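These notes concern the structure reproduced below.
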Amino acid sequence: MREIMRGLFIGRFQPFHLGHLKALEWILTQVDEVIIAIGSANVALTFKNPFTVGERIEMITRVMRELELINKIYICSVPDTCGEMHTIWPAYLRHWCPKFDVVFTNDPLSQLCLEYANIEYRSIPFFNREKLSGTHIRTLIAKGDPKWRDLVPPQVASYLEEIGGIERIVKLARMEKVI
Amino acid sequence: MREIMRGLFIGRFQPFHLGHLKALEWILTQVDEVIIAIGSANVALTFKNPFTVGERIEMITRVMRELELINKIYICSVPDTCGEMHTIWPAYLRHWCPKFDVVFTNDPLSQLCLEYANIEYRSIPFFNREKLSGTHIRTLIAKGDPKWRDLVPPQVASYLEEIGGIERIVKLARMEKVI
Amino acid sequence: MREIMRGLFIGRFQPFHLGHLKALEWILTQVDEVIIAIGSANVALTFKNPFTVGERIEMITRVMRELELINKIYICSVPDTCGEMHTIWPAYLRHWCPKFDVVFTNDPLSQLCLEYANIEYRSIPFFNREKLSGTHIRTLIAKGDPKWRDLVPPQVASYLEEIGGIERIVKLARMEKVI
Amino acid sequence: MREIMRGLFIGRFQPFHLGHLKALEWILTQVDEVIIAIGSANVALTFKNPFTVGERIEMITRVMRELELINKIYICSVPDTCGEMHTIWPAYLRHWCPKFDVVFTNDPLSQLCLEYANIEYRSIPFFNREKLSGTHIRTLIAKGDPKWRDLVPPQVASYLEEIGGIERIVKLARMEKVI
Amino acid sequence: MREIMRGLFIGRFQPFHLGHLKALEWILTQVDEVIIAIGSANVALTFKNPFTVGERIEMITRVMRELELINKIYICSVPDTCGEMHTIWPAYLRHWCPKFDVVFTNDPLSQLCLEYANIEYRSIPFFNREKLSGTHIRTLIAKGDPKWRDLVPPQVASYLEEIGGIERIVKLARMEKVI
Amino acid sequence: MREIMRGLFIGRFQPFHLGHLKALEWILTQVDEVIIAIGSANVALTFKNPFTVGERIEMITRVMRELELINKIYICSVPDTCGEMHTIWPAYLRHWCPKFDVVFTNDPLSQLCLEYANIEYRSIPFFNREKLSGTHIRTLIAKGDPKWRDLVPPQVASYLEEIGGIERIVKLARMEKVI
């Protein structure tokens, strides 16, 4: 059974957007199963990380069910290490996630940590990186620009509305003087 | 959409056994969706908690896929609070898990914490409690008694073998002088 | 006995100034008793948080005794949550403080956290907000401008001198290049 | 002003009982003011530490107000150090409490830690130690023996009833198989 | 230069005794350089771990200087992981210590953790295990039996006397009711 | 034996450079033995703190052996305190290091913390401070300017090459947009 090739897709998914979805679909052309690892799982209620890990699990699960990908993925939560102890982060990945063969990430710090720990990783082709980024989407939301809706799966858009996520991002952006 | 009634099923699932499965099936008669919350997610490699949360996610997911329950459940990870700060554990549940309406648990400490935080909980009918307990199953494994296999779903039995879980439990039991 | 209405007044009190005192007096027109909750209780020796929580307890107690308010207030210490885990902060309030009916705060992040946890809060009218702010007072002290003395209760001014607080703030301001 | 001699009285106060009160009264014959330092402030909802630090602040404050001792005492909260790092506990005392001249404690570990840090301490004469101990009182409560009422100040007895403290101790005792 | 073969020798060294020294000498027949990794570096002032890591560094350094082994060894400090998160301990070893080729340990839990992380380890032949054990030596000290002096290097014996280590162990043993 | 006068030299040593070496040589004219305390021992893989404490132990040890200073120094690791709890840092120094008589440091925050804890410290004369600073050296490395080699002991230069340290600093500088 262990012949199944597994990729680990690490991200913060604040929120899960179409860039993540395209990346996931591309990774699924490279491996059989994907572990979606939600990073900074401990953080919430900041502009950079507005949603709890529970909320992120829910939004991702809804999309996966809708697209009938639920049987090919695992969702898991990875907290930050304390005090910038980056060297132990790869051991965190192993602890908090099911076994994987290779990590997919474009984040240079993640790549450096994985190199330090001799864990194989690969880059992901970018899909309209300028727009399909969490920061861009949260900034659009904070500005009241409805174009953000085109950049996330419809299940995410409706979930954010359900839980008051739009209002939360607006407040956090003001509070941290992002806009 | 929010009319779906959700139950949160908290446990350590060391390992996920038939008692858990029966409890889950019963909870699914009470609510529409179940959040399976894996507690003590930070602990591993002890006799009480031999498996990492990643390993527990994998064993539960395999069973859920096989039984075609995957679209009715969410799986999430809940670490322990530091320094016996039990009063914040209910806030941990909310942070680490998708939203839920009621918690299902028979653990008296969990019940006390939830009461303290005014969160609704319900007990679960026991199914052959004497045998269907994690401690009993790990003790059978530690003693080399093959009867443990009848007490877990077949997917869990084969997963434990795949990852060397039997040998790990035997070693931990010796180390901690449990047997 | 539980008919007494209690307000929780959360702040960092670095140092306790006349704005805090006026706020407290106003809150005492709304409720019978006030819990003074000293936030960021773990932090000290930074320009933003120069004083230990012990020092803050002492300066506040001296003022309360002098004004004969000591029988209407409780003083308690609330540490920060680790790793920006804002969602559990309301549970921290409950753990570290006597029971309260409503929180008084103008801090938007505190308000957001309390909303998330369904805890009632109210805003406090500002009293000369521009001058009666901790940052303004610490900046005056750092610049050697004696006008800060008019902005704190006399007990606080003399306490700061007693413990070398002026010199400490000057050093911290230089160190962090605030002035 | 600093001529006032201050004693620090460290305890867990689970709950605050007549032994504590007699000790406090005795300490007040030795020094002018007493800092009541509530230790293990982070722990709650265990048989050894049933009450939150907020609850302990409240019960102690009620007694101090009643006995008109409130102007001679300070109440503060001291969390445990992480991972048995006992050597830093004396620095915790200094951080979490107003300045003190001498510590009053009979606990051998506290005494050892204070010696290690060159902080002066004194023992307290015991008053009916056998009965006036937290463990004994909690055990009486757990057994349903009403004699515990004679061992705590009346304000504490009524406070415990108000918050459901009797029932909580009974549950915790059962849960941890203390009785 | 990297042809030098390095062994990592992990222990708590409470205190450093002749069993440790013999083990070290034996390891030096297997590799060119040894990293002496002081585990549980955060703990002190308990019967199991009476000495701070600084004290342990000093006693080991004195012995190494005397035996002219100082140029063949490195001394480093390894704290415990929080909350029994054993799976990240091997990453701790890598972070807190200079690079090593192989770990020398007889501790079953350490071995299990290293196996989990695919790090090579070897056992060490025991030398009079019954007597040359930290627990045995601390128990002798606690009982006032002078035979412990024959079980540690003379530099350790005199160091323990210098810092009041004998008295400390006696107190801790009484406190924890070990004797 | 305790007549030996010991100085504690605290720094982050990222990397150990000629300024550190000259400071150490100067301190050795003031005291008999020096404890080299590696601060921020928990941090690594950031531009400010690129190297693990293990790597820093190794580079310093190599220099000390080469210069035959190894019998006059102790090397130890001091992690940061959590959550800016600066008041307990002096207790950390005592815990993580062998006993010392006086601290040598030019860092204003360290000096403030030591003052708070009544620990004696002295300043160190600067030697070409502009160039002999860790930040300057890391910036030269990040820019590909080979002049950094003249600013560190040759053992450090070759060690950095051995472990890929140059490349690591270049990556971290890009990642954090330092250059």
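Per-chain numbering from 1; labels A, B, C, D, E and F assigned in written order.
By our rule, contacts are C-beta pairs under 8 Å (C-beta built on N, C-alpha and C of every residue); 3 or more make two chains touch, one makes a residue touch a chain.
This structure is a prediction, so every number in the text was calculated from the model and none was measured.
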**Q.** If a chain touches chain D and chain E alike, it appears here
**A.** B, F
(Q) Quick check on chain C against chain F: do more than half of the interface residue numbers occur in both copies, making it same, or fewer, making it different? (A) different
Q. C-D or A-E: which has the larger count of contacting C-beta pairs?
A. C-D
Q. Where the CA atoms of chain B average out and where those of chain D average out, how many Å apart are those spots?
A. 37
**Q.** Euclidean distance of C-alpha centroids - chain D vs chain F, Å
**A.** 43
Q.
Need the CA-centroid distance for the pair chain A / chain D, whole Å please.
A. 47
Q | Residues of chain B whose C-beta touches two or more other chains | A | 42, 44, 52, 79, 82, 85, 87, 94-95
Q. Which word fits how the chains touch one another: line, ring, star, complete or other?
A. other
(Q) Which pairs of chains touch each other in this structure? (A) A-B, A-C, A-E, A-F, B-C, B-D, B-E, C-D, C-F, D-E, D-F, E-F
Q | Of all residues in chain F, those that touch chain A in their complex | A | 42-46, 49, 52, 79-80, 82, 168, 171-172, 174-175
Q. Which positions of chain E touch chain B when the two form their complex?
A. 82-87, 108-109, 112-113, 116
Q | chain F residues within the chain D interface of the complex | A | 82, 85, 87-88, 90-92, 94-95, 117
Q. For the complex, which residues does chain E have touching chain F?
A. 1-2, 41, 44, 52-55, 57-58, 61, 65, 70-71, 74-77, 79, 94-99, 158, 162-163
